[in-house]
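Each in structure tokens, the structures are laid out below.
Look for chain A in each of the two complexes below; its partner is chain B in the first and chain C in the second.
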Partner chain A sequence: MATKQTYETRPLECWGKAKEIRKKYYQDYAAAHERGGIRWAGGAWTFGAIPCGLGDDVHSLTSEPYAASIAADKKFSIKCLEATERAGYARDLCSYMRNYWGSVILDEYLWGGPFPKPDFIWQDHICCSHAKWYQVVCDHEPGIPHFCIDVAVGPAGEINENKLNYIVGQMHDGIEWLEEVSGREYDDEKLIEAVNNECRSTSLWAEVCELNKAIPAPLEEKTMFSLYVLGTLMKHSKVVADFYEELRDEVKDRVENQIAAVANERCRLMSDTQPPWGFLSLFRYLESYGAISVGSLYTFGLIGMWEDKPDGSWGPRTTPRQKGIEIKDRDQALKILAEWNLHKPEWQHFYSPHLKTEMMVRIAKEWSLDGVMLHYNRGCEGLSLGIAENRLGLLEAGFPVMTFEGNMGDEREFDLARTKTRIDTFLETLGFKKD
Partner chain B sequence: MITAGIDMGAKTIKVVVVRDGAMVGKAIMVAGFDSREAAEQAYAAALDDAGITKDEVEYVVATGAGRSHAPHSKRDISDVASGAQGVVTLYPAARTVIDVGAEEGRAIRCTAEGKVLDFALNEKCAAGAGAFTEAMSRALEVDIQALGPMSLNSENAIPMNAQCAVFAESEVVSLLHAKTPKEDIARAVHDAIASRIVSLARKVGFEPDVVLIGGVAHNVGFVDSLERALECKVIVPDDPEYIGAYGAALAAAAR
Partner chain C sequence: MFDKLRDWERNRHEYAKAWKEHTGGKVLGYFCTYVPEEILYAAGVLPVRILGSHEPQDVTEPHIFGMFCPFCRDCLAQGLRGRYDYLDGIMIAQSCLHIRQAYTSWEKHRPTEFSYYLCMPHHVQSPRALPYLTEDLAQFKTAVEEWTGATITDGDLDEAIEVYNENRRLLRAVYELRKAAEPPLTGEEAMEMVIAAQMTDKAEHNQELRRILRELPNRQNGRVTGARLMIIGSEDDDTKFMNMVESCGATFVVDEHCTGTRYFWNEVEPRANRLEAIAARYIDRVPCPTKDWVERKRIAHILELAEVWNVDGAVVMQQKFCDPHELDTPAIRKALEEKGVKTLFLEFDVTVPVGQFKVRVEAFLEMLGEEDLFE
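Presenting the complex of A and B:
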């Protein structure tokens, strides 16, 4: 066990800006019609850069982050979950989906007023819930046009020209469909700009996470949740790409000056999948042991894009622009967008838990971890599948693992006191004591 | 050196007084609504049992679910750490500890020094703990003390499918209506808990010697089911419910 040491710490300077961007995003979506703009809804995994070709006044509502925000508001979340159950949907479905459906069924927007109905739905299918999510929304909000892209082409290591063309072909069809439902002419220049922004922002987020390899870590995961979320809202926007650049510079400065996220850091952990959003205080509780969660495959790899660096380490993916590639037309933009997204780390483990284990072990080694906290998340079939396998793989690689059961979006399935007891036991077994 | 350990369990409070590594006094109280007051009473009773005064106790360590509310304690440790410590001190060859209390079941794999290598706890559901046997004995209208010996008379293994205590209760009622002998139902109840506990034990990769602690270890029917499910002998200490408090008292001495 490391000796007790205290590092200098201070809040992030760009924190307020992150909050502002998020707030404005939800306001812009709700107010889009007042300004003659367009509203669309879809998952955070969808190819959000594509509707940007309809104009600058096109605003989205990405479903998972919206549902996570509901989950963090326990009172409203229970109301939504119960409304969904009363409507006859099972309690063991994806809890993001249930929170979202509840908000639609109640016709209440988390940020006040009635639920702002989208003009169209632009979705892709990552997991089984994704395939059903907007089908049910359309049952409750009839008449909303719905376009969906099938992305089930296998993991990044197995992509070939045919698979890519299968997705790109659907994207081309999607653009024609967008023109039809919006009555607007599509602007390829805006698409190209959005694709470049997306590559830039997702590579920058990986760079921010990479900086957390430093000891002491400049960021802890609770803070990272509030930062990565911007990518889940609009990773294709200039605002987010510029913000991540500013954040990267600040975090770099923190590393150079040994500014810690947690002053008493002496134990480094990572978590896994979505946390129980109503109980993020759990991450602060770790600090009583000098423990910090420096991130997770989830926070690193849902938005961040990565690649193997020449020295064998994991680092931010080189963007097309950094490689000197200038996108010239629609087809090229769509190909780059599809190929880029199919390499998303979080996409890979839908195909095999072993791919996830490999990435997790890699993080555990490169980020110098002492242990891992795995969330057996009953709320998400997509990302929870195979976690027990990941546990075995991590143990085999020599990393101690604790597990806790919970639900990212249904507080009724999470027990804070018991989870804290587990953390106590785990950290005690690792040889750490409370301050 | 004299130290004490207080185990603030979900249902009962146990206090053990240790002199030079040996248990010299012990007491147990129902936690009730005021667990701190119950702990005070148990503490006084344990000192009384040991024949020593408060001032002679050098250090107190608490464990158990309510350990942060324990009186007199200067430090607290988890149930897992205290259970492992208590067991390996009594049984140096023990490598796996199974602890089944009122609300929680747990499996611990440890070293000869009591260092915890891995642990697994049952989740929110009480179907892997003592509260489950109590609920089932009520459904069977059998005294809880009689449930264990009764199940030893069973010769039929009946599967109990319910995953939760509430559904299991209605399953017991259905079995009673079907005129299933009570001893067979009692065995089914113990087999059901044992199968939950065994899955925890397999999760940590259990190896012998296996020691069973916690109040449920007094239930001979459960011990029988557990040994069958684990396919190995299980050691039960004389005072299985006190081992956590004993481990805490040892930790107090080793601080």
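Presenting the complex of A and C:
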């Protein structure tokens, strides 16, 4: 067992800025019409860079982070979930979707006022629920134009011209559609800028996560949830790319000066899938054992973009600009955007859980983990896909695993006391004791 | 009259093993009806659909999280229990996330000499889907050729397409007869017939269908039709449920699921590029809800079936936890009820609670009958 060492710790200096960016994002969306701007809605994985070509006054509401915010507000969340159930939808569907639909059905925006109806829906589809999510939104808010791009063409290792053409073709069709529904002329320069920003921000986020290989870890996962979320809101924006650069510099400084996220770090863990958002105190509970969750494939790879480095390690993906590629036209921008996203770590397990296991084992080794906590998340079929096989693979690779069942967005399906007891047993079995 | 089809359906493993012994050919198990069987058949491979056995089991718990549908777990259980050990290959065409797990766990824990994941596009309403799938099928064809050592010519594809199209035409011809005031077959028999089609050599199945079609118009099955029902929903091979409902004074006259009409409704239309023709067939088929977006095209088809087959009521069923169907169910029920077709919603598991369901079905049938009291 590790000795009881105490590290220096301090809050992140850029924390306040992250909160400001998030707050402004939701305000900008709600107020877009007041300034003659456009509002659109779509998932956190959608190609948000593309609607940027319609102008600088185009604001999005990404569905999953919005629903996660609802889930963290237990009172409003239960109201939303029950409204959805009253409308006839099954309780075992994606809990993000059910929170979001509830907000639409009740016509209540989490931050006050009526739900700000989008001018159009711009979605992508890899999970069964993605396109259907907004089909249901359109059932309740008829008349919203809806475009969706299928990205389920197979894992990154099997990309070929045909697969890329399928996605890029849909993107081109999408741009024509955007011009039609918005009545605006499309600006390719703005698209190119947004694509470069997306590559920069998602690579930088991976760089931040890579820095967490350090012992002590400069960040713990509860904090990372509040930081990675910016990439789920507008990964294509300069604001987020610049912020991640500032964050990277600060975290680098923490590593160089051994500034820890958790002063008594002696046990390093990772989680998996979205956490139960109403119960993030769980991550603080770990600290009573000197345990820290240093991240997960979820926090690292939901938006972070990675690649194999020459030394065999996993590190931030080299951006087109870093490779010396200057994007010249729309088609090139779309191809780069499609190919970049097809390498997203969290898209790989949609084709095989074993691809995810390989990445998880890699994290467990490179981030020096003592064990893994898998959230069997009833709220998300997409990210819980194959999770039982991931457990088997991690065990086979020699990493202790505990599982806990819950729901990221439906507090009725999460038992905090029971989960804490499972954590107690897990950590005690690994030889750790409470301080 | 349907004894042979029933025998094939119930003794599927014996059929496949006998076929293999008799022909020396390879048998491939597939997990979803989006698999382009024509290409396999053209290479002399027998494609058989992997279905569950409707028995409680505990072997899949370490492999598939319990929030996924009972059907995918039941299918995997068959593999883990060794019931499909005669398979030479397995494959899936991309559809829902649930069944995909049965495939990926099977592939790892019960490896076969050939395994293929076909990236069937979801955006079938996009004009981009056809060229994409056509090219993907070319890659699949090459993989099948490498596996079997056979060269698949256009002539082979034409023959396979014709066998499959004939099967589709014959199945539709049987379904036509179900429009009659007194349908000559039950829903249970129709279900057995379609399931049998999914696990037998289509040429042999066609032969049997031709015989049945000769005799069926004159068949007196000695039963009262009662309420004319339609069954709609996710994968459903629960013949016991069909039997139970039809013993309560009703007859299923048509269906809309992938062990029924969604499997065989449309044919491959001839094109110079055979793979493009096959791709078009799978893109244009009545969609599974996983692919029915942005527009819900399936609903119009369901309403048409309900009208043409003169349906009194519909049982809308789904496998428990089946997200794609859960996402369409409220819209389907609304559309049917707006057209005056009452619906009963039921959630299926590996085994269905026949007693409880019978009470609900009887109440539903009684409700349908109430309208006749005042005519």
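Rule of thumb we're sticking to: the second predicted complex is superposed on the first by the 435 of 435 C-alpha atoms of A that agree within 3 Å, B and C clash if a C-alpha of one lies under 4 Å from a C-alpha of the other, contacts with A are read in each partner's own complex, and residues count from 1 in each chain.
Just so we're on the same page, a contact is a pair of C-beta atoms (placed from the backbone, for glycine too) under 8 Å apart; a residue touches a chain by one contact, two chains touch by 3 or more.
Predicted model only: the values in this text are computed from it and were never measured.
Novice: Looking at the overlay, does A:K163 come into contact with chain B only (first), chain C only (second), both, or neither?
Specialist: In the superposed model, A:K163 contacts chain C only, not chain B.
Novice: Touch check for A:D187: first (chain B), second (chain C), both, or neither?
Specialist: Neither chain B nor chain C is touched by A:D187.
Novice: Determine, under the contact definition given at the top, whether A:E141 touches first (chain B), second (chain C), both, or neither.
Specialist: neither
Novice: With both complexes superposed on chain A, which partner does A:R422 reach: first (chain B), second (chain C), both or neither?
Specialist: first
Novice: If you tally the residues of chain A touched by each partner, is the higher count for chain B or for chain C?
Specialist: C
Novice: For chain A, which residues belong to both interfaces, chain B and chain C?
Specialist: none
Novice: In the complex of these two chains, what residues of chain A are touching chain B?
Specialist: Against chain B, the touching part of chain A is residues 395, 400, 403, 405, 413, 415, 417-418, 421-422, 424-425, 428-429.
Novice: Which residues of chain A touch chain C in the complex?
Specialist: 87-90, 92-94, 125, 127-129, 131-133, 135-136, 139, 146-150, 152-154, 162-163, 165-166, 169-170, 173, 350-354, 376, 378, 381-382, 384-389, 391-392
Novice: Hey, which residues of chain C end up touching chain A in the complex?
Specialist: Touching chain A: residues 61-65, 67-68, 94, 96-98, 100-101, 104-105, 107-108, 117, 119, 121-123, 126-129, 131-132, 135-136, 139, 289-290, 293-294, 296, 320-321, 323-324, 326-331, 333 of chain C.
Novice: Which positions of chain B touch chain A when the two form their complex?
Specialist: Residues of chain B touching chain A: 65, 77-81, 115-121, 123-124.
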